[in-house]
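Presented sequentially are two complexes of chain A, the first with chain B as partner and the second with chain C.
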Partner chain A sequence: MNRIISSFLLLALVALPGLVAAEVEISSQALIEVEVVNEKGEKEIQQIQATKVLPGTELLFVNSCLNSGEKAADDVAIHNPVPEHMTYVGGSAYGKGTIITFSVDGGQNFASPEKLTVKDAEGKESPAEAKDYTHIRWLLKKLAPGEQGEVGFRARLN
Partner chain B sequence: MKRVAALLAALALWLPAQTAVARGTPAGTSISNQASVSYTMETTEIKLTSNAVTLEVAELIDLELVWQDAENVVVQPGVVDKVLIFRLHNTGNGQESFLLLTDNLVDGNQFQPDNPRIYLDTDGDGLFDPALDLPYHPESNRPALGLDASMTLFVLNDIPDATLDGYLGSSRLTATAVTGSGPPGTAFPGKGDGGVNAVIGSSQGTSAIHGTYQASRLEVIATKSATVSDPFGGTEPVPGATIAYRIAVAVSGTGIASGVGVRDPIPDGTTYTPNTLTLDGTSLTDGADDDEGEIAAGAVTVRLGDLQGMTRTVTFRVTID
Partner chain C sequence: MKTARRNILYGLFLAAVLALGSVGTAAAAPTRAGETISNTATLTYEVGGVNQTPDDPIASNAAVFVVDRLVKPVVTADTGTVTGNNGTTQYLNFKVANHGNDRVDTTGTEETTKFVLTVAEGTLGFTPSVTYEYFNGTDWVAFTSGEVFSIPAAENLATDYLQVRIAGIFGVGANDERATYHLVATVVDEGGTNKLETTTASDTENVIAIDESGSYEGDDAADSVHSASSTFVLQSASLSISKTQIITAGGYGTEGTSYYLPGAIVEYTITLTNSGSTTADSVEVNDVIPDYTTYVSDSLEATASSAAQFIAAAGTDPAKIRVTYASIPGKTGEVSTVRTIKFKVEID
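Let's look at the complex of A and B:
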């Protein structure tokens, strides 16, 4: 009996993303900003898709969330781990109308930067720095039908 | 054309500002980013994930060569196989091999070191050992270093006979990445570890540094003189006459003569006059104690220590038997 229930649960979990994909979609991009000279001879910053990166490179990660359904999505929470081998660039997270918090414990707890602390090897607590962040979370009260929200952050390859 | 320009600009902009710092993330590492979103729609909680963005870490080619000797290597004219010690550090983020080259036409050279040869510190002890450390051959044993690895290299030269005292002569060692070199940002598509792109870093893929020899014609010259006073007010070496000896030890040239000493036997047929031993005008006791000299086993012994560009004078007297 137990086994049957868990099979049902599994099916439900697998099926859900497929069902809702048409209503809210999230897509992620990694961009590099490059300076180019345009036709007028002016320097301008262009964002290009990053595929190959060198250590020390700063990347811009952008997550776009679109509600393509007919109902509002409430209490929207977007999570993004700081990618492996990368360091969050302090103050870089953005997201219009969102509450941005960070985690220093692998995504267990989130808080605003001034409330985050880390412990050193001897257990001494000190304020967390950008390099300590492991996850970023954006909270948005409501994403109305047809509305698109964009959140992002920068991180540097170690 | 615009696209090429943009790509080049991109490569240049990727370069981190600092130099000579080992790069953290190894070339070829794959990095993935995936966000997730959760929300409530009419009391149903829904969670889904974004597409995964995958990035590949390209290889940064960077190196640093450092001359390791603490100061100029003091050499005597005419000597061979004098060693300069260098250290090569792979400051890029991948595995790289390096070509080595010597060049003794260094600006400011007062003499030209001769017959330069490169050896690898094969046994890794940091010291040159001709029995263990192999000569460098560009075809067969280019130094190959992993990310953040380094190794010691030796450059041996001979010092020309005619070199004047105090003259400086340098020997330059250059290391260049086998994958390539050029202005920072130069890309070598597919030439990095595991087929990733390789990009030249701030070192330009090459590093050159020279080490310097300083010639020393160090000379230690001892001059002995004697003055005889006979009991009759004359200078005849008759029995009872006193001979005052004076030994001047002069050190000249570049460098330090270490552990210089004077040992002078009391001549046969004479007797040392007690309490007449002096060093630079200061009396020394006759016994073997903690001052610089003594009379022992029929000889005067004075320890002068390490001398550099100076003269020290020992005096003592004997009586003719």
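Let's look at the complex of A and C:
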């Protein structure tokens, strides 16, 4: 009997993550800003989904996450590589309540901008610039049930 | 507009690119048209200290867009001003490039952009005889203004361009006269006849032509046209000559005054001035000894001359002095070059 109970508890422990899992989803958008004239005849900037984009254009990438489960999600980490052919726009990453760090080595290591360095062809080390960033990471301590979070950044098409 | 040459020129341009391929440092070209850019974010989290994504992080949808086709004509003048002398041939050098992104893709599909190259005259202070040439990687080849060129988008902005030059044979004219020429590149459609209509950056259907404003009048930004200008400057020698006289001995009254009497010695001073920019070569000055005077032996002085001599009268030829200069340099800065000749005669 004890063996049966132990086995049940073990199974429950193994299955625990699934049983208590907060259902966190993430979606991504690529937006461009265009100037439009509103109903009042005034010019305003509107964000629209990017479909065809010219080199040199700055895009806004928005990642939205939602905890649709019943438990709070802890240590929510969102990773976003800077898309190929694009250059991160310095200082553009945002995310309320998040700790934002960057990588210059393909996402292996992350640090705050002032701690990031790169080496040139001769091996000389220098402070990393926004153009050197390969990945962005947002760390959110907690995402409560039903709570939605948004993080994002801007990058320019090379 | 002529279109017959364009396919040939496409190949020639590539040859030019190859020829120049090792020059300069790489400058990234814009992302190729048609490229699909995709962004996917991933997410991990814990519940109660347990990682909820132990195998793979949760991935977002892919936010996808396509790189639009960009055509960007860029004309640069390598030479601001080019100076030259009468009778010489000088060159105004330009580079014409397509800094767009419609270059040949990886499948070998050729999407080239047609540029009409036009040479327009600017202010012409003098009129050199001009011809137009482009470099095909081996030779300079003549073309006519208004001809259509196929110029694929550059892979390397620093090295991929078509070299064009305006050759000018200088004629006679005043020193420092200028002749300005504009090289104008106009983006045209595949047929090579109609200027490509510029559309806005938010236009997702059409090719976008983006360019800076150029030097040619009316060349605004984003008008499918780009231009640059360069100027020929004519340099010539500009010689002037003047002559003065003074009594140095035997005059009546105070020496140096204007009483000219028999037996008086008169000194002539001839001043040669080159106020041009160019050296005057093989300059010869002849001056006849005036009637009723006699040249004072050995009185001829001519600084920096290559020869100076008194030539006695012979037959009907009167006596004279002759001074030659192998060259008289042009001005230095704003200071003209001066040569002085002096000789004396005695009044009979």
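Assume the second predicted complex is superposed on the first by the 136 of 158 C-alpha atoms of A that agree within 3 Å, B and C clash if a C-alpha of one lies under 4 Å from a C-alpha of the other, contacts with A are read in each partner's own complex, and residues count from 1 in each chain.
Note that contacts are C-beta pairs under 8 Å (C-beta built on N, C-alpha and C of every residue); 3 or more make two chains touch, one makes a residue touch a chain.
Values in this document were obtained by computation on a predicted structure and should not be read as measured data.
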- prompt: So, on chain A, is it clash or fit between chain B and chain C?
  reply: clash
Task: Report for A:Gly106: first if it touches chain B alone, second if chain C alone, otherwise both or neither.
output: neither
- prompt: Is A:Gly123 in contact with chain B, with chain C, with both, or with neither (first, second, both, neither)?
  reply: neither
Message: Quick check for you: in the superposed arrangement, does A:Val37 touch first (chain B), second (chain C), both or neither?
response: first
Message: Can you tell me which of the listed chain B stretches (167-175, 257-265 or 293-301) runs into chain C once everything is aligned on A?
response: 167-175
Query: Just which bits of chain A does chain B share with chain C as contact spots?
result: 16-17, 20-21, 24, 26-30, 32, 34-35, 50-57, 59, 61, 63, 65, 71-80, 83-86, 143, 157-158
Statement: The residues of chain B that touch chain A in their complex are 2, 5-6, 9-10, 13-18, 23-25, 29, 31-42, 46, 48-53, 55-58, 60, 93, 196-197, 199, 201
Query: Okay, in this complex, where on chain C does chain A touch?
result: 28, 30-31, 35, 37-52, 54, 57-68, 70, 101, 201-202, 204-205, 208, 210
Message: For a test of understanding, state which residues of chain A touch chain C in their complex under the given definition.
response: 16-17, 20-22, 24-30, 32, 34-35, 49-57, 59, 61, 63, 65, 71-80, 83-86, 143, 157-158
Touch list for chain A against partner chain B, complex: 16-17, 20-21, 23-24, 26-30, 32-37, 46, 48, 50-57, 59, 61, 63, 65, 69, 71-81, 83-86, 143, 157-158
